[in-house]
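So, here come the structures, one by one.
Below are two complexes that have subunit A in common, paired first with subunit B and then with subunit C.
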Partner chain A sequence: MKVRITNGMLMGLVVNMVYAKAIGLTQGIMAREAGSDMWMATILSTLQGMAVMLITVIVMLRLPEKNMVEQAALLLGKWGGKLIAALLFLFFLGAFGTVMITFVYHLMDYFLPEVPVIVFILVGGAVAVYAVYQGLEVIARMALVGSFSIIALNVLVLFGSIYQFDIRELLPVFQNGFVNTIKASRHNDTDWAMATLMTALILPLVRDRLTWKKSAPLAIVYGGLFVLQWPILEAGVLSPEMTGQYIVACMQLARSAEIGQFIHRYEMIMIAFFATSALVQTMMSLMCACMSVSHVLGLKDYRPVILPTTLVLGGFGYWVVLDHGRAMRLLSDYWPPAALAVAFGVPMLVFAAGFLRKKKLAAARKEAEEEKQAQMRKSS
Partner chain B sequence: MEKRKVVKGTTLVLWLVISSLLMTGCLGSREIDDLAMVMAVGLDKGKEPGTIKVTAQIARPGDVRGQTGAPTAGTGQPIWTASAEGRSIFEAIRNLARYSSRRVFWAHNQVIVINEEVAREGVSEIIDFFSRNHELRMRTWVVVTEDEASHLITTKTGLEVIPGVSMDKLFRYSEIVAEAPRTDMRTLQAAYLSRTTHPVLARVSPKNRQISAKANGEFGSNPQVELSGTAVFNRDKMVGWLSTKESHGLLWFVEHVESRVITLPCAGQRERSSTLEMKNAKFQVKPVYEKGKVEFDVRVKAMIDLVELGCPDVEDQYVWMQQAEKEAADLLRGEIESVLEAAQKRYHVDFLELGKVFENHYPAEWRQMAQSWDDAFEKAQVRVTVEANINSPVLLHKATKSRK
Partner chain C sequence: MRDVGELLKERVSTDLADNVCCVEDVLGGNADLIKREFVYHEQRNLTGIVFFVDGLVSPKEIDHSIMRPLTMHTAELERFQHAHLGPQFAEEIKKHVLTNTGILLFDKIDTAINGLLSGDTVLFLEGCGEGFLISTRGWEARSIDEPTTEPVVRGPRDGFTENIRTNTALMRRRIRDANLQIEGLQIGDRTRTDINVAYIKGVVREGLVEEVYKRLQSIRIDGILESGYIEELIEDAPLSPFTTIQSTERPDKVASSLLEGRVAIFVDNTPFVLILPTTFWQFLQASDDFYSRYWAGSFFRLVRFIAFFISLTFPSMYVMLVSFHQEMIPTALALSIAAGRESVPFPALLEAMVMEVAFELMREAGLRMPRPVGQAVSIVGSLVVGQAAVQAGLVSPTMVIVVAITGISSFAIPNYAASFSIRVLRFPLLLASGALGLLGFAAVFSLLVLHALSLRSFGQSYLSPAAPFQPSEQQDLVLRMPIWMMNRRPAVAGADDTRMGPNQMPAPPDEEGEGDESAESRMADEEEAPNAGKGKRKGSRPWRSGKS
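And then the complex of A and B:
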């Protein structure tokens, strides 16, 4: 029996997959490009994320038993499927790098500057390997815990910084132009890209397919709302110029927050509540990379490739994180075009292939239906 | 089956070994009794040209306890102050480590005191260092003094055992008197990085205020740190001071002013006075851009209580309250006009955040004049309207007068 997760768990995974990087590193980059429009760029990006998620779900619903790679293999042939799987592996390799930048720079730069980078990579990697061995359901349950942590963190940061909030810093709207704001939103789009491509791989494992169309885009809305609080507070409390000054902007907001004279150092609270989300990102990036590799190699189970894939991802993560300048160049210059090309290109390619090869698609759907009925007869 | 058990057991043992190595918490650990906790820091110019002197006020936790209760072992001095010089702040701090028996730890620093001479040369290096350092808080207060910062750091001030803590509390409750802006590292950095605004910092100076417990006949024998006035900056360089009156006017523009004391002299008897307390106020700035001219309408509406009626000739306090409204409004308007005069005519810099207000209302026009905003600001006409409502005599229905 295949592992199944609920729609709620899928929503938790989507929210966690986006949150950790989107609130800090992404906002810092967007503040440098869009200034006080960083919050508008986040809204626009959320809308774009919803659209891509909807397209992904529509593609998946054509053959709900198969994930995006399996669909691609069916429609584009064996090697077409392998090519898509290889592309997705490269995507999740890059995603793992960006997740590691988020994870390590939060911990190392603000708490443990004397600890070598390799220790963070080993710890993050070890936790991710353990979780991926345990399977999707375990990670999804952790994502639910992570979602509650996210809510708690948002509420605490709101309480700790609202008294310093100056709405004038959010104005004027589209200060640097609408086109520039849209352009800046691509950075947050890369965060949504991780969520949509993850969904493309795990959606067949989500139980109630009738509500996929509703729950997956709704997860983006929830994730967007959780993330949106941060650019608004960062701009209103720190100012857009100051937000753009830092690598990890959310920690700067945490450094400025306090509740009375009792809760001073929000950095600790921030890490305590944010760590689950960051680890879920690490786990899911690794899991999706492993699934992609198993498709490339034609394996039925992804477990045999966990260790080699971890070594590749960990090695890349270590190389990226080691140099702050390289990490920031990857995040702001190279990652957006690469990530968005895959996130938008792959679902559109599979959609177009299904459109052109309707007969094959119909035959596969019929075959799947017959298989399902046979299974039902067998079980009854 | 047996083989699987062995694999599982080996994996478990491996996990435990890796976990015990990685999760000891030893990496980067610092024991609390190895730390020298800085509570306040002073920055002066060094003896050699191009050097800076850093003075750190460090808490002695054992003696902090000894001061309030039974004396414990130690010197009885709650603080240890040390200074060192260097070509940069970081070098000076590292030089402190040459004779500090503990590792200097900045996470609990409450205040950064900058000497006027250093401030006039520029504070960009200070902003960069203190915002880059992860140990420091962004809510650390930043002040300027015309005195030596090292002297101020060593001054025992306030009720608290540690002077740094006293200065922190001084700021926390300073909104009651509203005589200096509450400037911390966050507001300083934001103003410095801003495209529209120049920074301001609170001014502190030692004043002989305290009555010594040992020689209480000598009034004002001990100096106390007083928070009063403002240092004005053009970008990162200090250009001058604002008086207390001008600082009162400044706070309307840069902070949310709710409370303050207004003292009015009595009509006919100028040596006597009555006191009002502002309880609530609304402040609004509206920019107007017409025919290439920048103008601002500043409106203040203050709700005021009568807290002390010291004028002996007042028959009906309600009549007096009505008459005093104009006088209170004139006083508030005078303060606002004085800070406008200082910004536009004396220092020629916009530290009142009027550029930000203009940009928000006229973004397209702002783009054209952003580079020359300081010129436009100088020429801008600002109209100030103040409405004061003295509507509560608090508890008393009648003025306090002898019935004899």
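And then the complex of A and C:
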């Protein structure tokens, strides 16, 4: 029996897939480009994310039993499908690198500066391997736990830092111009890209396809709202200039927050609640990479490729994280054009292929319907 | 001498000597096998023989329901003076002479042997082609007593015993519903232990009972000595440190589980009954959560949740903070801890490990030693050794406090098996935190959560209704909502998921139309005429009308 997850779980996965990186590293980069408009850039980016998610879901709904790679294989031929799968693998390889930058720098720069990078990669990788081995349903449940952690963290940070908040720091609006703000939003778009391409691979495993169109974009809205609190607080408490000075801006915000005498350091609370989201990002990046590899190799199950894929992803993650300069160059210069090209290009390509090959699509849909009815007859 | 297996396959003969020979060949060498010969029909000179195992039977029952009717009430037997011998004759004896309520006619020797070993009496009468298996079970048993492992402040004091029939009777006393099914089977090639599966038809989920039977019937083992054997042989996650089947000594707990749509497995010779499917949160619930008012029930449950987190994470968090992240501790507290650790020569991890192991040692020794000595061990261990260790500078006072609080917290978890799981899981968490600080703690804690999330108990998610999150099921998780709010059974139940009528929230009588009468005068009126002037309560509850 195929594993199935609920729409609520999908929403949890989308929110977690975005949150950890979006509140810290992304905001730091956006602060450097957009200044006090970083929160505006986050809103614009959320709207763009919603649009791409909607396009992705519309493409998926044409053949809801097949994921994006399977649809591509059907419409573009076997090798076309493999090419798309390889492209998605490369995307998730890069995504894993950015996620590892988030995970490692949060822990290493603020808690364990003497621990070698390889230890972080090994430990994070081990947890991800175990989760991927357990399957999507377990990760999705973890994401639901992570969603509650995110809410708790947001509330705590809000309470801990609201007294230092100065709204004047958010002014003037569009300080560096509207176009520049839109341009800066591309960094947060890369976070949404991970969510939309993950959805493109796992959507057929989500129950109740009638609500896909509603739940997937709604997840982006929720995720956007959870993330949006951070640029507003970071700009209002730390100031945009100060936020831009840090690699992990959210930790600096957490460091400045306090409630009374005995909750005077928020970093650990932050990690306690944020770790789930960061680990879900790691798990899902690895899982999607494994699924892509299994499609490239023509395997029915992704489990045999977990270990080799982890080695490749872990190796890349280690190489990226080892050098802060390299990591930041990847995040701010190379990753956005590459990620956005894949996140927007692949759904559009498959959409266009379906548009041009309507007959094939109709035949596949009919075949899937007949197969479904045969299965229902068999089970009854 | 013939093989026992072959003998067991033999059929009962019309020749009494053959039957006696068969039974004696199988069980003859046993000192507790009693054989009693007698003549039951003087005119026709017909003899009979009873076999029973001493200690397993009630001698009074044998005397009253077998020996007396057959040897003293001979007038009854005279009517069979000209009757044809054979199976029909056996049927007549069963109907007209024997007074026992449980009699089975059998024609195979293995039925006789199984019955004998279960405490029944085997009767062979000359001329009958069948034997009589007569229920005379009656052995010494412990009386019903308060469960020692699950005491409650408010609630019933009776607990299960080692006798399966007493245990099922305790269930019948609580649930007088014709749909309560208690079905039996035997497991264990040599012990042939009686197992009873109890559930309420209509309330239990479709397919659950079949799944339980499927797993029980697949067991191939020589003996079942306790319900723990069954638990290990049918659970979903045999390698997991988490217990996915609940065991309890409390009949009220089993009754409430059956009413929730779960299945109970009773095993003979043990007071521990298994409940399934089980979620993790059940282990943090105590019976008196539901007997105390919901404020108290919710409060104590919250305390237990806190105790669970302390028990699992407190030593690890202490070691992690002291060893790696001192800056996270408030300054005054950090200085106080540092002063206590000044003379301690060991790293915090080693100190914690030694203290935890010592605590487990004391607990185990206190449990295994005879009770008076056990108490002495606990006192000597906790007071003398602890105090001496602190004074000698081997352990810091803070560590003693941490370990003591952790130990006390683990005692607050109502189920011993769950408490044990948490105790065991504390050690990898401690090691990881001591070795890698926050990274190790986060990684091992995440692995534990992932593992728990992957578990199922007979199709139900182990962490439900928290994960997957079911909003409608939250009324009996961290908080215990009022009983009048819990009108639906948990999702584990089958089709009949409604457990009470609508609008059960109690309310005082409606004062409308009663003017400014004082409460006292109204009560006086009601005493005179109980049904007169009674205001309406919320909802329709005919069973609560003044009739009672």
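One rule holds in what follows: the second predicted complex is superposed on the first by the 380 of 380 C-alpha atoms of A that agree within 3 Å, B and C clash if a C-alpha of one lies under 4 Å from a C-alpha of the other, contacts with A are read in each partner's own complex, and residues count from 1 in each chain.
By definition in this document, a contact is a pair of C-beta atoms (placed from the backbone, for glycine too) under 8 Å apart; a residue touches a chain by one contact, two chains touch by 3 or more.
Remember, predicted model here, so these are calculated numbers, not experimental data.
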Message: Just to be sure I read the superposition right, which of the two partners does A:Leu144 touch: subunit B = first, subunit C = second, or both, or neither?
response: second
Message: Between subunit B and subunit C, whom does A:Val127 touch in the aligned arrangement: first, second, both, or neither?
response: second
- prompt: Who does A:Leu61 touch here: subunit B (first), subunit C (second), both, or neither?
  reply: neither
Task: For A:Leu107, decide between first (touching subunit B), second (touching subunit C), both and neither.
output: second
- request: Considering only the touch criterion stated at the top, classify A:Ile271 as touching first (subunit B), second (subunit C), both, or neither.
  value: second
- request: For A:Ala362, select first, second, both or neither according to whether it touches subunit B, subunit C, the two together, or no partner.
  value: neither
Message: Tell me the contact category for A:Val115 with respect to subunit B and subunit C: first, second, both or neither.
response: both
Query: Should A:Ala352 be classified as contacting the first partner (subunit B), the second (subunit C), both, or neither?
result: neither
Shared contact residues on subunit A - subunit B and subunit C: 111-112, 115, 119, 123, 126, 130, 261, 264-265
Field: subunit A to subunit B touching residues, read off their complex
entry: 109-115, 119, 122-123, 126, 130, 164, 168-169, 171-172, 175, 237-239, 241-242, 245, 252, 255-256, 258, 261, 264-265
- prompt: In the complex formed with subunit A, which residues of subunit C make contact?
  reply: 324-325, 327-328, 330, 436-440, 442-443, 446-447, 449-451, 453-454, 461, 463, 467-469
Complex contacts: residues of subunit A adjacent to subunit C: 6, 8-9, 107, 111-112, 115, 119-120, 123-124, 126-127, 130-131, 134-135, 138, 141-142, 144-145, 261-262, 264-265, 267-268, 271-272, 275-276, 279
Message: Going by the contact rule set out above, which residues of subunit B touch subunit A in the complex?
response: 15, 18, 22, 27-28, 107, 131, 134, 137-139, 172, 186, 189-190, 193-195, 353, 356-357, 359-361, 363
